[in-house]
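Read through the structures below before going on.
What follows is chain A paired twice: with chain B in the first complex and chain C in the second.
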Partner chain A sequence: MTEAAPLTPPRRRWRLPLALGLALLLVLLGVGLTRDPSHVPSALVGRAMPAFDLPVLGGEGALVSAEAEGRPLIVNFWASWCPSCRDEHPVLIDLGLRARMGGEFAIAGVNSRDTPANARVFLDREGHFPYASGMDPRGRTGIDFGVYGMPETFFVDAGGIVRARHPGPLTPRVLERYLPLIGVAP
Partner chain B sequence: MELPVARIADFALALALALCLLAAVLAVQAGRRHDALRLVAARNAVFAVAALVTFAFAVLIRAFVISDFSLAYVAQNSNLDLPLIFKLSAAWGAHEGSLLMWAWFLAVLTAAAVALHWRDHPLSMPWVIATLALVQAGFLALVVLLSNPFATLAPVPADGRDLNPLLQDLALAFHPPMLYLGYVGFTIPFAFAVAALVRLHVGVEWVTAVRRWTLFSWTALTTGIVFGGYWAYYELGWGGWWAWDPVENASLMPWLTGTALLHSMMAQEKRRMFRLWNVFLVVATFMLTLLGAFLVRSGVLTSVHSFAVDPARGAYILVFMALAMVAGFGLVIWRADAIGSEAEVENPLSREAGLLANNVLLLIAALIVMIGTLFPLGVEVLTGDRISVAAPYFNRVMVPLFLVIVVLMALGPAVPWRGMPVARFPRQFRLPLGVALATGAAVLVLGQRDALTLVAVIVTAFAAAAVLADLGRSIAARRKVAGGGWAAAVLAALVQGRRRTGGLIVHLGIVIMAAGMIGSGLFQQARTLHLAPGQATRVHDLTLTLRGLETVEESNWIGRVARFSVSRGGEVVGVLSPEVRFYPVREMTTTEVAIRSELAGDLYIFFGGEQDGAIVAQVYWNPLVGWVWVGWLVLIAGSALSLTEPHAMRRRRAAPAAQEVPAE
Partner chain C sequence: MIRLALLAWLVLALPVAAQIVAEAPDEARVRALAATLRCPVCQSESLLESQATTAREMMVLLREQVAEGRSDAEIVGFFRARYGNFVTLAPPPTAAGRLIWAVPGLLLAAGALVWLRAIRRRPGAAPSQAPLDEARLREMGP
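Showing the complex of A and B:
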């Protein structure tokens, strides 16, 4: 060790404040992370759901928003080109089966900015939804809802008022948080 | 089917991750047991990582060039109709690809640093390799586990979702690479600092080793920030180039501490001072680059830059950053007692005192930016309210602070180490002071009464004159010593005094940029126009006439163009065509501003839209804004000059007691 001895005995009173400051910074960032940053409060929350009337994907007729009146409704925007849609697919199938069995709430898919052929291949591989999806090839309905990411899910209560919006894949935890808002047991 | 290559690349990344961990283990063992064989193995692992990551990045680029939409990342960010240059830049246009680029830069710079310093720093090398390999492992794990650019998509879409139109721009094609090069470059000084701390050799060797790495990274970071500003200026249509956006701030913070570091390192080289301080600054700068990565990619703050947000990624980067902080600052705190300064600041009128003041001010600036950036987050965590800290706060606090730093920048290089007689001090600055006062008087006569503006103009004039006087003095001194003509003296200053001359040229670049910022920030004129075709208006000394409206079509967009003729004194000097573009694939509308640049300023037109046959446009006169870009070019030239000095070699001859012996 050829290090020269310090000329003055160093005073290191900065150590504790530095360590505390850094710890505080990390805590702040950590808490910030749990705040669901992407959830810029949707302008739709608390307002009536925009109406839609879309041709049914791979079927006859139309998917009309008015049909769900009087029941809580979950609207899920999805597409075959969206990798995270695959992640939420099993959750949606579970949820769809529950909706069909119980009938306490309804669920509607909106196949957004996609082609029917690609959407069908996607469903053939991942499994078909137990509910109908409407086709929104130009994303018009998506614009009405203010969708900016994919997937996105809207939770609408029995009165037709949007209670929550979730950008990103659905998980059981997300459902636990939002289903009670529209009067459905999680 | 293009799948196999992508699968190999996928595997190459996983292998690189494993090799990084292996290299770190081997290097630590080599460091503890002075085992040369293990060290060689660790080095070779690091080289292999560079080769593997390079391969993976090349595969990603290839996938974009051939539009391989079986990769989800390509499908989401490219399109068959996208011009080739933007297909390439789309490779780093979103989270996954940009992170891979980050890892690639790190791999290449790591290999380069290890190869370059292998002989000079054998005893530090194990810890350098271990640090770099661990940082690399951190990034590669994020790529492999949470943001794999090689994730596949089935069914394969016929066409991609197109690159975000705002990113289809040349300046932006180069903004992220330069910025990341700067960010990543600071990892090398960090690794050397860690090695110095571990070995308790916090002398001058590590500083000489990393001086050029620091300057290189700083230059790249500066370039990245300037490109970003340029993009914001003519693509976002704000009429300005800096908005104190959280992500801009995230790149400014390491820039500020990096600037402080460049200066304080000199004090350690020349006077063996500020040892602990330098180590602290290196660690802090590196942490701020990680903080930048965290802020951009976790989405804790809302910004024009936000990438697709995934909380898992944010959590991962936070944990990574926390580990790096504990290790980095932990080492500093733990080793602090053993690190002392050999010299103290003896005289308040000395170079070292100036450097100390410069460092304190730059660090305060970085802290203010950090507080301003994180304040909204703090408020949200505590009260749940969403607020944003706007530009006026930053401008009010930062502009005066920067002005003081500019004054110091003007004074510093003319003040010698160890001090100067008080009486000589004012004499040294007679000329700059005269220039500054004359400029101030001229601005007063022109009718400017705002105090801040006046001070800003005076300070900039003073700094410009002082830097030029310094350059002149150093040329004159060489002419006196060597005889001969001025040209020979200029050449001698450029060739022999590369560090000092280069540094002064960088300062000159900063002054020119400051002039541009002050001009465009404080003297901007803005107007909103409603014009029908054939109507004219005046802005500054130019007359704008709307000649007509047209529709144009390109491969991936449709545009509406307003054609203006620009004339001065009755003579037509140019045509300006701002556009509104519609990109059908993303259903997105962007505006292309039209800019006419002169040395005196930019005429800047933003086409807002059409209303019953007339157009709505925002017109700006931005004085001196071109000086920001010119100043950047000057800065690059100075920095390049300084980088070419064969410094490490000269050092070794000058200080033969280099304390390190080969490991063998």
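Showing the complex of A and C:
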């Protein structure tokens, strides 16, 4: 009795659950590493679009959100100081031409925290949008939309409900994904 | 001596100078609120600390709303409607959040249970080990 007791191997029943627990933790941490911490979920998706009434950039009159009522609407926030706005510029021009030809949806730009002079230089260089942009020099409309980066694009359905928000430059692939959500063929 | 007197005068005059630049009465409330709100364009910085343009403009909005006499809940609600719970540095508890906070306690309780069962299984005998006798020593020897 006294000889056998110390020789028995320690109980190992807890080793399997412990190893499984650690493995699970490692998997969770690994998944956590692949996520982008700068991505912020939009509080606006599924809710009514905030109304806006902005002076038109380089023109007269106002860009009023109510004018798009009853039609799907795409709202794009851009600025001359935003480098990736240049990347999405051709995509926006194509989309704007399509909106103008078919009229199945409306598109509006919001020139954010910019000056009219700088915005003009940017548009002269990159090409003018086939649709109007409103001026939001202090970024208040941006705050109403919960914008945190530039560029950012909101997809609003015909009922005025925000269906998607895309942070970062638009690409044809992004449009393929989001246009059907607001009832527009991609 | 004159220097000492000057120094004493400066030290004594300090609180007076501080009173001259006293801030607007609402500013303490603005600061307290801004410290609880996250700057949405930075990583883990409050509105109070951030120098980002968006955060500056949100501070202006915050001051306007405080001046209008809105309540703390209304003001925080204004920003939450736009940026979601993310905008609060201490988000309101959710079911998933509560579960995560409960996990360490549950693990501790499970550990205590396992430990209690283990010491109950060998009553009293646990710490005493038989001293090595001659035969055992010979067994272990080279």
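Definition applied: the second predicted complex is superposed on the first by the 146 of 186 C-alpha atoms of A that agree within 3 Å, B and C clash if a C-alpha of one lies under 4 Å from a C-alpha of the other, contacts with A are read in each partner's own complex, and residues count from 1 in each chain.
Note that a residue touches a chain if its C-beta (ideal position, glycine included) is under 8 Å from a C-beta of that chain, and two chains touch if they have at least 3 such contacts.
Since the model is a prediction, treat every value here as computed from it, not as a measurement.
**Q** Given the touch rule stated above, what does A:Arg138 touch, chain B (first), chain C (second), both, or neither?
**A** In the superposed model, A:Arg138 contacts both chain B and chain C.
**Q** Based on the superposed arrangement, let me know which partner A:Gly30 touches: chain B (first), chain C (second), both, or neither?
**A** Touch status of A:Gly30: first partner only.
**Q** In the overlay, work out which of chain B or chain C sits against more residues of chain A.
**A** Result: the larger residue contact count on chain A belongs to B.
**Q** Where does A:Pro83 make contact in the superposed view: on chain B (first), on chain C (second), on both, or on neither?
**A** The first partner, chain B, only.
**Q** For A:Gly146, select first, second, both or neither according to whether it touches chain B, chain C, the two together, or no partner.
**A** Once the two structures are laid over each other on A, A:Gly146 reaches chain C alone.
**Q** Both chain B and chain C touch chain A; at which residues?
**A** Looking at chain A, the two contact sets intersect at 2-3, 5-6, 37-38, 40, 138-139, 143, 149.
**Q** So in the complex, the part of chain A that touches chain C is made up of which residues?
**A** Per the touch definition, chain A meets chain C at residues 2-3, 5-6, 14, 37-38, 40-44, 113, 138-140, 142-149.
**Q** Can you tell me which positions in chain C touch chain A when the two form their complex?
**A** Per the stated touch rule, the residues are 40-41, 43, 53-54, 57-58, 60-61, 80-86, 114, 129-130, 133, 135-136.
**Q** Contact residues on chain B for chain A in the complex?
**A** Checking each residue of chain B against chain A gives 72, 75-76, 151, 153-155, 157-158, 161, 200-203, 276, 294, 298-302, 308-311, 314-315, 318, 321-322, 325, 329, 333, 336-342, 344, 374, 377-378, 380-381, 587, 657, 659.
**Q** Enumerate the contact residues on chain A facing chain B in the complex.
**A** 1-8, 10, 12, 15, 18-19, 22, 25-26, 28-33, 35-38, 40, 80-81, 83, 115, 117-118, 121-122, 125, 138-139, 143, 149, 168
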